[in-house]
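Multiple structures follow.
Next, two complexes with chain A in common: one pairs it with chain B, the other with chain C.
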Partner chain A sequence: MKLDFSGLESSAPLYGGNNGLLCDGFSDAPSFDLPVTSDFDGFQKNSIQMVKPAKGTTTLAFIFKEGVMVAADSRASMGGYISSQSVKKIIEINPYMLGTMAGGAADCQFWHRNLGIKCRLHELANKRRISVTGASKLLANILYSYRGMGLSVGTMIAGWDEKGPGLYYVDSEGGRLKGTKFSVGSGSPYAYGVLDSGYKYDMTIDEAAELARRAIYHATFRDGASGGVASVYHVGPTGWTKLSGDDVGELHYSYYPVEPAIVEQEMTEAIVA
Partner chain B sequence: MPKEHANWSPYDNNGGTCVAIAGADYCVIAADTRMSTGYSILTRDYSKICKLADKSFMASSGFQADVKALQKVLSSRHLIYQHQHNKQMSCPAMAQLLSNTLYYKRFFPYYAFNVLGGLDSEGKGCVFTYDAVGSYERVGYSAQGSGATLITPFLDNQLKSPSPLLLPAKDAVTPLSEAEAVDLVKTCFSSATERDIYTGDSVEIIILNASGVRHESEQLRKD
Partner chain C sequence: MSIFEYNGSALVAMVGKNCFAIASDRRLGVQLQTIATDFQRIFKIHDKLFLGLSGLGSDTQTLYQRLVFRHKLYQLREERDMKPETFASLVSAMLYEKRFGPYFCQPVIAGLGEDDKPFICTMDSIGAKELAKDFVVAGTASESLYGACESMFKPDMDHEELFETISQALISSVDRDCLSGWGGHVYVVTPTEVTERILKGRMD
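Then we have the complex of A and B:
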C-alpha cells in the first residue's frame, strides 16, 4: 500500500549543494517520522489510547464560604449508545460525606459502597467520625493497590468534618489531590469555563447552587457523553442535602426561552360535518 | 517482544433478549427462548428466566454457561439466607446480592446481561438493570441483550417516566394496567424478532403480582 505523501511536498526548490553531501537518493523524498519498533500496530493502538477522550460524564465540586457544592449529570454511555439517562453519579457515602462517579459505573458504585463500610467501621472502632482526609486516603490506597489492572475511577470525595469543609480528587491511577475546585469527566472543560468565570468564595448557597447547575447544563449542552438530569447537592456542617434535580432539556428552555412567533393570521381546523 | 495471544476465548455469546416492566402492583419479566452460537441455532426452547425467590425473577442474556453458573450461585446464597433468617430475601436485597456477586468477578467477568424483576416489600413492582460487572439501578422498565437497542427506544416512547433523580420528585410508576403491559411486551418481542437475527422462536413471560405468579407464552417467527 502506497502512503500518500502529497501533503508534505513543499513548493520551494531544494538546495542543490546540501543535497550533494547528504543525499543517498532518499533525502529528496518527503517522509513521516515513523517509530522504530517491531510492533507497529500495537504501538499505534497504544498511542490512540493515550489521547482517548476522558470518561463520558460531567461531575464537579467546589468549596465556598457555606461549605461544599457537588453537582453531576446522569448519563451513562456504552460507546455511542446511551445506556441510561438516570444514573446516580453522586453517591451518599454517609450522612455527611458524598462521592462522585466518573469512569466505570460498577467500579465507582462498588468501591464507594466499600468506602462507606470502612468509614462506619472506623466510627465504631474509634468512637468518632472519620475525616474527609482519612476517607479519601482509604479509597486512594485501595485504588493504588489495583493500579494497572484496568479499574476506571475518577471521583471526588466531599464532606464536612472537624476541620470544616473538605474536598479531595481521587482516581484509579492512584492520584489523590486536595483542592477547592474540581471537575471530572469528558464535559469538565466546559464546566470549568463556567465555574471559573462565576466563582466567588463569598457566595450564598443559592448563588453557588445556580453556578453549579449552570456549569453542568453547559457541559451537557456541548458534550455528547453528558446529559440527563443535573443534580446539585450541598454539604454543610449538619451534613448533605439535595438541593435540586432538573432535566437539562427543560433547563435549556428556562435559560433560553423560545419567543413565540408573531402570527398575523391563524388557520383553524375546518369542522367536518 | 510482541505479546502472544490465545487462540481460543473462554466466552461465547448465545444471543437473545430480555425485558422487564414494573407496574404499580405487578411486574412483567420476559425473555425469548432462542439459544444461538454464531449463525447457528442450538435450541428454540431454552428458558433464560430463573426464579431466585418468591418475589424475584432474573432474566439474563449473554453467555448462557456463565448465566447458569450465576443462577446457581444466587439460588444457593438465597437458600443459606433462608436458613439463617427464616424468611425470603426481598427483591432490593437480592438486587444488591447480584451486584456484589458480579463485581467479585471483576477481573474475569460473568458474561451475563441481567434484568431482575419482582415486587418490593410494599408490593410495588421493581425492576433492576445491570451491566456485566455489577453496576445496577432501579428503573421502571429495562431491556438487555441483542434486541435491547431495538426495544429500549420503543419502551422510552411508550413508558418514559420522570427520572427518579428529579427534585421535587415526580411519581415514576407506570400508569399501564397489567394486561396492557403484557400486551406491550408481546409487541416488543415481535418487533425485535423482525430485525434481530438472534431473537425469535417464542417468548416466555412471567407476571408477578399480589396473588402470585402467572406464566404466558407466545410464538414468534422462527426464521
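Then we have the complex of A and C:
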C-alpha cells in the first residue's frame, strides 16, 4: 500500500544561489531582484513585520459531555483600523470538523482548505474518515515546514471521530497541543477568565453555548481588536451545527440593560444677549 | 503603535446656527485593552467655552489642569471670562513652550465668542492652530471622522439637527476604530443652554 507523504513534503522554495549573469533561466529557485537598500536584514525584518498581522481576534473551543463547543468573534483589524466586522473565523473543514482562524486571514483560509482536501483524499484512499489527531498532525507538519517564513496561523481543530470529541491547538511556530479547553488571540485572556470560572464537564448544549457566547462577549468588550458578531458552533456525533451568531453590540445591552439615570437639570441665570 | 494611539480617543466639534456641538468617545485603553468606559475628554472652561483633549490620557489631564489654573487667574485679573479666540492662543502658546518635549495631546476648542458667534479650532501637539468654519476632528479615529463629517455636515443647522449629525458622525467613525468608542459624550451649546448627553454605542 502506497502511503501518502504529500502532507510531509515541503513546497517551500529551495534557496539556490542567484548567479546573476551566469543564470539564464535554469536556476531551481524562483528569485527576485534584491531591493536597493543599505540595511537589507532590517528591511527584510520590517517587511515581514508589515505583512505579519497581529493575532487580533478571540476564538475559543472546549470539550464537554455533549461534544465540542467552538466560538469566535468576527472582527478583522489592520493596526487601529477595523477592516471588517463580518469575517467568518470558524472554518468548516468538512461536515464533522471545524477549524478556527486567528492570525493571518489568508494563511488560515488557505491552509484549512488545503487540510480539507487532504482529509478527503485520506477518506477516499483509506475508506474511512480521518481522525482529528491525524488531521491536526497533517496541518502541524505543513506549518512546521514553513516555520520562520512569516506565516501567521493560530488555529484549533475541533471534531468528532471514533474516539469521541477531539480538540487540538496548532500554530504556525509548529506547535501542536491536545487539550480540552483553548482560547486563541489577543482577546484570549479575557475569554479564559470567563471560561475557566464557568466551565463544568457536565453541561447541557444550551449551557455550554451560553458560556461560550458570554466568554466571546467579554473578550470583545475588553479587547479592542475583537468585536462584531459572536458565532457559536457545536460539534456532536453527527457533525457540526451552527447554534447562534449574535451581534455583540446588542448582546451588551441584553446582558447589561441601561437603567434610566436621574437627569440633573441645572437652573442658572441665562445671560440674555 | 505611536504614543498618540496608546490610550485611544475620538473628538469632533461642529458649528451650527448660533450654536456649536462638541463630542468625544468614552474609552480609556492601554493599547488594545480597555480599562475604562467613562473617561472624560471634554472639559468646561466656562459656560460658553469647552475644551476637548485627545491623545495620551495623562497629558490631557495635566494640560487641562494647567489651563484651568491659567483661566482662573485671568478671571481674577480681568473680572470676566476669556474669549474663545484668546483661549486658543493661550493653548497654542502653552503647547509651543514644550516644543522639544511636547504634551502628546491634540486639543479641540469650541466656544461662543462675541455676539454668540460660534468658534471652533484644533491644533497639533505643538500648537499649530487650525481654524475651521464647519467642523474639526482629532484622535485615533480622525480619518474616519473627516470622511463622516464631510458627508454629513450642512451649514446653519439648528441645535437638534446638529446633535443628530454630530452623534451619527461620531458613532459611525468610532465603529471603524479599534481604539475608540464604547459610547459617546455630546455637549450642545446655545447662547441660553448647555445640553449634555451620553450616547449608547457598540461596546466592542
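Definition applied: the second predicted complex is superposed on the first by the 205 of 273 C-alpha atoms of A that agree within 3 Å, B and C clash if a C-alpha of one lies under 4 Å from a C-alpha of the other, contacts with A are read in each partner's own complex, and residues count from 1 in each chain.
Just so we're on the same page, contacts are C-beta pairs under 8 Å (C-beta built on N, C-alpha and C of every residue); 3 or more make two chains touch, one makes a residue touch a chain.
Keep in mind that this is a model prediction, so the values were computed, not measured.
Superimposing the complexes on chain A yields a three-chain arrangement in which chain B and chain C fit side by side. Look at A:75: by the touch rule set out above, it reaches chain C but stays clear of chain B.
When the two structures are aligned on the shared chain, A:186 is found in touch with chain C, with no touch to chain B.
Look at A:134: by the touch rule set out above, it reaches neither chain B nor chain C. In the superposition on chain A, A:104 contacts chain B only, with no contact to chain C.
Of the two partner chains placed around the shared chain by superposition, neither chain B nor chain C is touched by A:198.
By the touch criterion stated above, A:174 is placed in contact with neither chain B nor chain C. Touch criterion not met for A:236: it reaches neither chain B nor chain C. By the touch criterion defined above, A:228 reaches both chain B and chain C.
The gap separating chain B from chain C at its narrowest, counted between C-alpha atoms of the superposed chains, is 5 angstrom. Common to the chain B-facing and chain C-facing surfaces of chain A are residues 81, 85, 228.
Within the complex, the chain A residues that touch chain B are 38-39, 42, 74, 78, 81, 83-88, 104-110, 149-151, 228-229, 231, 242-247. Taken in their complex, chain B has these residues touching chain A: 2-3, 99-100, 102-103, 106-107, 129, 131, 133-137, 139, 149, 163-167. Within the complex, the chain A residues that touch chain C are 56, 73, 75, 77, 79-82, 85, 186, 220-228, 248-249, 252-253, 258, 270-273.
Listing the residues of chain C that touch chain A in their complex gives 1, 5, 8, 29, 31-34, 47, 115-116, 140, 175-179, 191-193, 200-204.
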